[in-house]
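Take a look at these structures.
Below are two complexes that have chain A in common, paired first with chain B and then with chain C.
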Partner chain A sequence: MASVNEPARELTAPAPVAHLGISRRTLGVYLFCYLGLAPVLVLFVYLRVIPIITTLAAGFYNWDMIRPIRVFLGLGNYIELLRDPNFQNALSNTAILAAGSVILGTVLALGLAVTVNARITGAPIYQLIYFLPVVTPWVPVTVVWKWIYDARYGPLNQALAALGIPGQAWLVEDRLALISILIVMVWKTLGYNLIMFLVGLNNIPQEYYEAAVVDGARGSTIFRYITLPLLKPMLLFVVVISTINAFNVFTPVFMMTSDIQGAAAKLVRTLVYDMWENGFRYFRVGYASAEAALLLLIVLVLTLMNMRLFREDR
Partner chain B sequence: MVGGTNWLRSLALHSILIAAAALMLLPFVWMLTTSLTPSAEILTPSLRLWPRTPTLQHYWEVVQAAPWLRYFWNTLVVSTASALAILFTSSLAGFIFAKYRFPGRNLLFIIILGTAMIPFESYMIPFYLQMKALDWINTYQGIAAPLLIMSFGIFFMRQSIMTIPDELLDAARIDGATEFYIYRRVILPLSKPALGALAILAVQNAWAFFIWPMIVTSDRSLFTMELGLAMFQRAFTVDYGRITAGSVITVIPVLIAFLILRRSIIRGVTLAGMKG
Partner chain C sequence: MLGRRSRHLGVMGVCALLVAIMIVVAPAYSAPTVRLSLWGGFPEIGPFYEKMAADYRRANPNVEISILTHPLRDFERKLAATIPADTAADILEISTYALQRFIEAGFIPANPPATDTFLKGKAYPDAMKTINTYQRKSYGIPFFQGRQVLFWNIKMFQEAGLTRAPQTWDELIDYCQKLTRKGGGSGVGEKWWFWLYPAGGTIIEQRPGGKYRAGYGNQAGRDALKLYVDLVHKYRCDDPTLKRDAEAFALEQAAMFTRESWIIGFVRNNNPGLLYTAALLPKSRRWGTIINPVNFYVTRSSRNADVAWDFINFMLRPENQQQLLEMTGWMPARQDVEYKEQIRKAPQFKAFFEAPEGYEFYWYLPIGPFDEILTKLAARLERAYADKSLVDNPAGIARVIEEAANETNAILRREGLYSE
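Up next, the complex of A and B:
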């Protein structure tokens, strides 16, 4: 890239301002750039940069939303967090949901994508149907799934009963509640991953497959040595996005398992839920901010780890 | 390939795809079925895809119990404001980053993109305090505030505007056009497809936003559809006939928009994916 001080282009004959060596035309262009960017930057600073920095700073304070006295604690909030059973529970639940939804969501979507991609009639209709849960907002989705999981009359247990399997306490029993949430998360995001994989598959030149077929390669070999390696950038993208989304999961656990929504359910506490509760139910701004900073750190580290993992074994 | 094996293979593939499609659709079917089933029938152990005696009873009750049209209007106002603000900021900043060189350009671009990976949930508490300081709690501005800018939108518009040839801009300059005139009369008209995709993405994001509207509003007359439905569930916890009827009401506008704009929506989402 050219030096930033170099003007983009000189159209009119430059009329240099002697002492600066910059033409009036260029000054006009700079002025337009800065004036045009000013409102955008003001919004960015006020709506993104300031709250992010405040979060990072607030984590070191004992700061209550109701009493405006702030006491510097250093790492106090972080030490308390690591000992907090709610935080530990939230961290382990979130990690399980993230790992589960990333692995299941990627593998299932990849399988379906390869199937849909096999030049089949009606492929657009399948895509449309798989995409329905993606465009439907979380709240109505969770309302229906909560009813599906209803232990007494819900369709899922009715279906199991018809098959002679005893009904399960889906959202009530500890581990089952976690699995129930995981299933909904995979159901909701599968179509998105699928579409992304289809884009990736379409970008693979057809000649590669033709050459492989000429060489007598079988389906599984082609998948292993052509499809998978060439799909790697998209695979990385899907894994990173799924990880970030899973670590920020809030609406499904709030709607389906929180006592606030009047559920006869076992709360599946996630990091964002715990953060929201500390911040907006108990008004512990500092404590919740420390938690937010940890969430940020975790997401950042996981993203970098994924990038290494997918780049290294090239 | 032999015709026979081709036919078998096709059957196998379709079986897998149809089974998966059924799993995707069943929750929607249940939403509709339950909303049409009389309360007494819902609470009898039976597994039916269609009620024995379908009724619109729940819909009558639901329409009277909450101002859905008002919720719809609120959601529309917030999404439209968000989309317009994002279209304006993204196209202007995208244009400047794509077509000009000026001191500090790279640094500013990095600041804007750097915040893209940071989820809103992680800084929403200070954000709430800022809104409180502005006295924007329980206002449309307050609900829409986090949705006024989109890092990805700027990046996306920059990529798109970079493909517009410089010669077009230079020709306009020779005719005496100012830079802002070029933005309005050359860049914007040529960016219509990209702006359309971005608008769909912005509306979709705003429409589905839940945690923030819940935090920033307590005034029922400002509820979005998502928030209204959540509050409805809170009030009628296990009255499944009514809450599924409420869900159907909130899902209908989304599904209609999706069926009409399905190509652009799917394309918009895949474009958003390209940022990786």
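Up next, the complex of A and C:
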């Protein structure tokens, strides 16, 4: 209790405190940020979050998209999917394509990036050449590759014939059709991975290399102990993005191998193609939604595995 | 008092004012513009539709018709998205099997009385009346049909010492071994049906009570699969590196193949010097071919349904059906029109209009899952054709047929359409 002899304390108004226990000024800053983000967030929720939730929910129903009748099946769609030979085939093909394109796309791009980064003559031209497929839309690319792969008149078989190798039924034979799609996928995405790795390489401080040279390290030793560890974050990014893109492969399969009238091709069934066929050809939207949910789960698990594999040691 | 010049100026001013008023006001008194859209799944028919739209417009200047055609499979996917959203065109040109689900869900109205009467008259065979009827109401009107025959290259046959098309399965196998360049053909499921039917089977057979079951889980199915496996692996009648279908035949890479009449228009445009003709499909235990009508439908979202039907009736006029055959090669659906002139110009058409005694017709059943059944069967058949171990392997062939038939029946069961 204050005594008579103590000087009176100067009374000042306390800082205004909002209900959340933070100052009004801080609240104002938060509000401003969220209001600024609101339009984008609303769009994101409407175009991404709601469709994802709706799709996950639809996977538990039998729904043909045309009538409002939905019959609850529980896990019925998922059980049928796991027994469906088309789904198994699609999963197998997609896994092979994903593994192949991620490994080849990453290794080749890394090798090219290291080569281009070595300040060779015409490096920007090489970057342009490799990046051109990335910016070219999928549809015209696949139309051109379809002709390249043509068994009778395609330039690929003509080149092989010049080397004395018999022409191959690229898009017709099972395994060859898969390899043909894989080649196009790697070709299309190589430039993007190359640019990413170049960015990563340029972010490695030169002092590390100078110090390594002083210590007597050369070539592969520098690459293994300096370049690769410091490139881990970018490697993780490239592998994750490549994995996600590879599992979503659709356009090359649809354009080059599906049953367009008169097409001489063996369908390479992939997960997204199977989903599209189930949903929009057979009108089994619930079933296709269950397949989409499984695809989401697979990609999520693989992404988490990659993150664990490439995490930096602290 | 006004001078002469002033009077002239005044008169000209009044005339100009009257013309301006007419330009502004007159359109309000003219017939309102009616805009129709037509979507089709066969791009080669696009020029025919454009001509029909232009001809119709001459008689009906206030009607504007826009035409859009897509490759068939893409068109079916487009309809899957647009019909439920009521954003499809006024007029759709499509087969019943692709539209059956929408008919059952009420997106396609039944035919108006005049169209219903016309369909049930003498213009169309009974098969088409059956295909276009659902729960005693008619939907759509047939426009053209896909009837399959065997096209054969006269020159290649002559080089092999052959003077006519094979008429039986045994002759087909015999001819295959004599010809240096063989056959081709895409569309696996439907093409297998052409061998399955003569063998005594079919893809789906109707059971009492209006339900269905697989019609090939029997000896006919096994015989048809055995024939095709033998044609591919034993007699080397098919080459997977061949350009498929019409291209292969037009490029003289295939001596014979099965297809619809549009091939005649295709060959005329791409290789008019090709020496070829057409014949009925070979027979076995029975004889026949597929008859697959492609219809016109008016969607429920059409704001000018009466004008749409009027335009459809215009295209169905005899002279326009003859033009369809001449311009595109597609066989018109109307059987009460004379096509002698078109057959005279292209004798290859003759086989399409023949129906000797004992020659039967079969068709896609108007049930929702038919496309799924045929597509999944085709995937199994493709794997079987590539499997050399099935040659002289009756147990292997029986296993393939049994598994495929079980899958077909499972789909029918799922849709509530199965009956043993």
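In this text, the second predicted complex is superposed on the first by the 267 of 314 C-alpha atoms of A that agree within 3 Å, B and C clash if a C-alpha of one lies under 4 Å from a C-alpha of the other, contacts with A are read in each partner's own complex, and residues count from 1 in each chain.
Rule of thumb we're sticking to: contacts are C-beta pairs under 8 Å (C-beta built on N, C-alpha and C of every residue); 3 or more make two chains touch, one makes a residue touch a chain.
Everything numeric here is computed off the predicted structure, so don't read it as measured data.
By the touch criterion defined above, A:174 lies against chain C but remains apart from chain B after alignment on the C-alpha atoms of chain A.
Contact with chain C, but none with chain B, is seen for A:151 once the two complexes are overlaid on the shared chain.
Contacts of A:192 after superposition: chain B is touched, whereas chain C is not reached.
By the document's definition of touching, of the two partners only chain B reaches A:272; chain C does not. More residues of chain A are touched by B (comparison of chain B with chain C). Once the two complexes are laid over each other on the shared chain, residue contacts for A:134 go to chain B alone; chain C is not touched.
In the superposition on chain A, no contact is made by A:83 with either chain B or chain C. Applying the stated contact rule after C-alpha superposition, one finds that A:308 touches neither chain B nor chain C.
With both structures placed on the common chain, the touch criterion links A:281 to chain C but leaves chain B unconnected. By the touch criterion stated above, A:64 is placed in contact with chain C alone, chain B being left untouched. Taken together, the two structures place residues 65, 150, 260-264, 280 of chain A in contact with chain B in one case and with chain C in the other.
By the touch rule above, chain C contacts chain A in their complex via residues 71-73, 76-77, 80-81, 83-84, 101-102, 105, 107, 186-187, 240-247, 253, 368-369, 371-372, 375-376, 378-379, 382, 386.
Against chain B, the residues of chain A that register as touching in their complex are 1-2, 4-9, 11, 28-30, 32-34, 36-37, 39-41, 43-44, 46-52, 54-55, 58, 65, 112, 115-116, 118, 120, 122, 126-141, 143-145, 147-148, 150, 153, 155, 158-159, 161-162, 187, 190-192, 195-196, 199, 233, 236-237, 240-241, 244, 247-248, 250-251, 254-255, 260-264, 272, 275-276, 279-280, 285, 288-289, 292-293, 295-296, 299-300, 303. Those residues of chain A that touch chain C in the shared complex are 64-67, 86, 150-152, 167, 169, 172-174, 258-264, 266-267, 277, 280-283. If you check the complex, the residues on chain B that touch chain A are 10, 13-14, 16-17, 20-21, 23-25, 27-28, 30-31, 34, 42-47, 89, 92-93, 95-96, 99-106, 108, 111-112, 115, 117-119, 121-130, 145-146, 148-149, 151, 154, 166, 170, 173-174, 178-180, 183, 204, 207-208, 210-211, 215, 225-227, 229-230, 233-234, 237-238, 240, 243-244, 246-248, 250-251, 254-255, 258, 262, 265-266, 269-270, 273, 276.
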